[in-house]
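Several structures are given next for inspection.
Two complexes are shown next, each including subunit A; its partner changes from subunit B in the first to subunit C in the second.
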Partner chain A sequence: MSQGSNSDKQDDHRPRINPVLAHLEAIATGIKWLTRKPMTLMYPDMEEKKPEYFRGFIIFNYDKCIGCSLCAQVCPPRAIHMYRVPGDKRIRPGYDAGRCIHCGLCTDICPTDALDVSPVHDEVFEQIESMDFDPVEWHIISKKLVEEHAKRKRKLVITRVDEEVGLRYEPVE
Partner chain B sequence: MVLVELAKALHVPVWALRGFLAPLVYPGLVALLGTVLFLIWAERKMAARVQQRVGPYYVSPKLHGALQLIADGARFALQEVIVHVETDRLMFVLGPILTFTFLSLPFTVLPGGPGIYGFRSDFSMVIVYALLTLSPITVILMGWASSNKFAMIGGGREALLTVSGEITLALAILSVAAMYGTLDFVTAVEKQVHTGIIGLVSNPIAALLFFLAMLLLTDRVPFDIVLGEQEIVQGPYTEYSGVLYALTMAIDYAKLYALSIAFTLLFLGGWAPFTTPLLGAISVYIKSLIVLLFSVFLRSVYGRMRLDHAMNFFWARLFPLGFIALALGVFVHVIYA
Partner chain C sequence: MIGRELGQREGYRVVELYIGPQHPASGHMRLVVYLDGDIIVRVDPDIGYVHRTMEKLSEIREYVRVISLIERMTIIDSCNITLPFVEAVEKLLGVEAPPRAKYLRTILCEINRISSHLYGLGIGGIFLNHSTMFMWGFGDREVFVHLASLLTGARLTHTYNIFGGVRRDLPQGFRDEFLKAKRYILRKLKDYDKVFFNNPVIRGRLENVGVLPRDKAIAYGVTGPNLRASGVRYDARLLGYAAYSELDFEPVVGKYGDGLERVWVRLREIEMSLDLIEQALKQLPDGPIFHERYAKMVPPAMRKWFEKGRVKLPGGYVRLRPRKGEVFSRGEMGHGEVTYYLVSDGGMMPYRLRIVTPSARNAIMFSILPPGHTLMDLPSIYGSMDYFPPEADR
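Moving on to the complex of A and B:
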């Protein structure tokens, strides 16, 4: 009413709200939501169970590699480059984890299964340079990541959509 | 009484011990510090719960993140206090300190329970009101001294809103004073205890006005126009860092704490069910804590009001309502006479 006569005419079609009741209703709604449980997935303590062929960090087995360089040819973002390793006749793949899009084409094309996908997706690197591995480093970090992942004791859960809560997390074995 | 015996044991007069304990321990600075630490944690936790988040957690998982504020405080204490070149140095550094000093003075007259006060005056409501209204002046000066456009705008908003909020607060206090026939907090509470009718029942309009003015003066949502994080970073406190920033954060919470104790004393019966010092003090503290929790809970319910809407709301709706509250207070005076 105090906004002037112009806006009154335009606002006539809007539903009238009781100012006191509307505030009480808003506060009551807030208190109702206060009692609800949070939907957060407590991530480092709890983790979603990954599907069987989840494509995470690409792991590399130096001993199986025959140096055919098919992986480097097929890699869409050119995350894999071939390196010459001292004391080795063949060229071997190196890996830039910062460029990798985890498409898994290299693991499909590898004739000896030297490359494989892993469920590791949350390895942290402090510098962008330390994400670029030459063949030997790649072999070492692959071994390390696989071993660490086997030791991990996080609760694994499956996410379910629930009409009451929103998201629900069911523990799995 | 405990206080008298303690004064005898320490060989100091009772009034000196009162004047020392009330502003420094309870209801003063120590209680204020503990309350603010708990309150900010509770505010973040409640806002998180309403949005179905968890809130602060990983600082101390067993206590649900209750130590988060201590970690934050340690970070502020170790952080460098940056005073940039264009500031008015003296006012910039003195601003938060002066404001906090003004805001810690009302605890000398605010009683925290039966017999727990710094000194008793016949005009304690007026003293508290006067001391609380000193702080906006230094906040405006802080905004000016920062030499920053956000701080300038924040200071201007503080000036505008203070004028509209404090007149409402004054009317609420006046109507309560007319209702109880006194300007003294202790007498007001004693009248509520004797008659058994609390101020919230006998004059609900004045209680509503007091509460809304309290929200406006302490920048709580929906009236957090001075701080306005999405618009003007942190209002008058934009340029502050380190210990001074922690002080500027404490300013609003100190004001809120003082005002909610006043609200408890005037409208919720103070130490109403009890008359002994210890139980009375606990009663006052718990009541004011509930008021505090409710006023920070509103953060998760409301959005921010626009500046002109808030001014319009206070001058056009609440100011006339204040006169109705005053008339009601004069009328209701019969109960307490």
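Moving on to the complex of A and C:
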């Protein structure tokens, strides 16, 4: 292969480097960044305020639902299934949170805003069976999660792009 | 790593070495390396460990559900990989996205490209034991993941392009946030040069290692930054899909085709992408972000969401029936060129969706680059290639 000659014809975008100075420069740059603030979000202690329309747990309002089943048809991983609820003539959607990929297509296609996105993204369930909700359970858990999320006592921060360190987190009152 | 002795070959002892399949970097794949002493004689890439039958699965899903399926091939680059598919279906449907939607697609594509390149540089850095590059690459990628989450509402799997437009309008304050990010990353790229590109250790590991000459790169069908590093001016964006035809750019083309040149092309492409986003934000036209035909079908009570910058889909959107036909479409991803061949029989689901991803085309480089190098050069060749196994296996 004719690869040996490349180091001789140096281009302007690959200048020949001084091995000693370049090492020192690399170390100096590393030390410069040691003095800057890190861009880490200390997550369990502080929580990021999510941007508008952040696609977290899908919340369901039973009273607004008209039972058109569009959400179940559009759902890519088939996380939404239609159920028969005793005492209700229409079919209603139930939700398997374990299958959900949070694409939010169901909330976009819902003709009555019965489904909506929420910023809840870190809810923990103890058993895999407890992640599968029938329509009534889904309505109840949606209400509960949204209320609990509003009452969280963690320090809430908002993420901003910073020219010096990349990202910084400003406290939200 | 497992090795065994294969016996004599032309008087030399040859050792067969298995690297993988549990891979420490970007996904499961295995390299079978044949060694003569410390010199690599032959490498067989053994791919397919993360095969998920994407092509077959897309045949049993309605068109709108296919979008969020195929973006799982490369979740780090999900806008770029879905855009050619969406444009192919749009061609069959006979709709065209409004100009504003095209610009928004371009903006998200370039944000994705930057984060994909930073991911690749970070992975390339940790292959060479350069933890600083790994941390910096992944940390700075977070800035662009944040910008994408402002625009789309999701950090990685955006599902942003839909047939006839995009799903969210540009949020308020996005321009300021982007300009700050641009100034930050341009300053940081100078430090990347000092810490990584001009670092004597990295120069020693990458310079003249894994040289891919121009003729070989064309003959083997290598694509993306790896092709441009070999001196070929080829970029699928020059075809002018989305809003690229209205933006002014010139692809970054390297010269030498070695590992260092591939890193250089990626670093300079980040600068180019920043420039493209700024141009797109400046020229961003006003108007709708969703095609008239579908926007009209949305129930009147839901039209209020369009004013708030959020698209609502009509009920018939699930049962889209593109006309019978075959479409070929392509687009430039962070890793290279992605190609779709869509066959529609007029039904609700694709009859056949053939996908050729850039990593699948670049996998050939594992066979042609390492022979002749020492075993120590194998990670640096792999790292400079920005190979992404889940994308290659589909």
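Keep in mind that, in the parts below, the second predicted complex is superposed on the first by the 118 of 173 C-alpha atoms of A that agree within 3 Å, B and C clash if a C-alpha of one lies under 4 Å from a C-alpha of the other, contacts with A are read in each partner's own complex, and residues count from 1 in each chain.
As a convention for this text, a residue touches a chain if its C-beta (ideal position, glycine included) is under 8 Å from a C-beta of that chain, and two chains touch if they have at least 3 such contacts.
Because the structure is a prediction, the values reported are computed rather than measured.
Chemist: In the superposed arrangement, which partner chain does A:Ile17 touch: subunit B (first), subunit C (second), both, or neither?
Modeler: Only subunit C is touched by A:Ile17; subunit B is not.
Chemist: Name the contact category of A:Gly30: first (subunit B only), second (subunit C only), both, or neither.
Modeler: It touches subunit B and subunit C both.
Chemist: If we overlay the two complexes on their shared chain A, which of subunit B and subunit C does A:Asp108 touch? Say first, second, both or neither.
Modeler: second
Chemist: Which of the two partners, first being subunit B and second being subunit C, lies in contact with A:Gly166: first, second, both, or neither?
Modeler: In the superposed model, A:Gly166 contacts both subunit B and subunit C.
Chemist: A:Gly67 contacts which: subunit B (first), subunit C (second), both, neither?
Modeler: neither
Chemist: Have a look and say if subunit B or subunit C is in touch with more residues of subunit A.
Modeler: The partner with more contacted residues on subunit A is C.
Chemist: So in the superposed three-chain picture, is A:Met42 touching just subunit B, just subunit C, both, or none of them (first/second/both/neither)?
Modeler: First partner only.
Chemist: Between subunit B and subunit C, which residues of subunit A are contacted by each of them?
Modeler: Residues common to the subunit A contacts of subunit C and of subunit B are 2, 26, 29-30, 33, 39, 166, listed in rising order.
Chemist: For a test of understanding, state which residues of subunit A touch subunit C in their complex under the given definition.
Modeler: Per the touch definition, subunit A meets subunit C at residues 1-4, 6-7, 11, 13-15, 17, 19, 22-23, 25-26, 29-30, 32-33, 39, 50-55, 68, 70, 73-76, 101-105, 108-109, 111-113, 117, 159-167.
Chemist: Applying the document's contact rule, which stretches of subunit C touch subunit A when the two form their complex?
Modeler: Contacts found on subunit C: 61-62, 64-65, 67-69, 132, 139-140, 142-143, 146-147, 149-150, 153-154, 157, 159, 167-168, 171, 177-178, 180-181, 183-184, 187-188, 191, 194-195, 198-200, 203, 207-208, 211, 213, 255-256, 258, 260-261, 264, 268, 299, 301-302, 310-315, 317-318, 372.
Chemist: Which positions of subunit B touch subunit A when the two form their complex?
Modeler: Residues 46, 48-50, 52-54, 57, 297-298, 300-302, 312, 316 of subunit B touch subunit A in their complex.
Chemist: Which residues of subunit A touch subunit B in their complex?
Modeler: Touching subunit B: residues 2, 26-27, 29-31, 33-34, 36-40, 42, 166 of subunit A.
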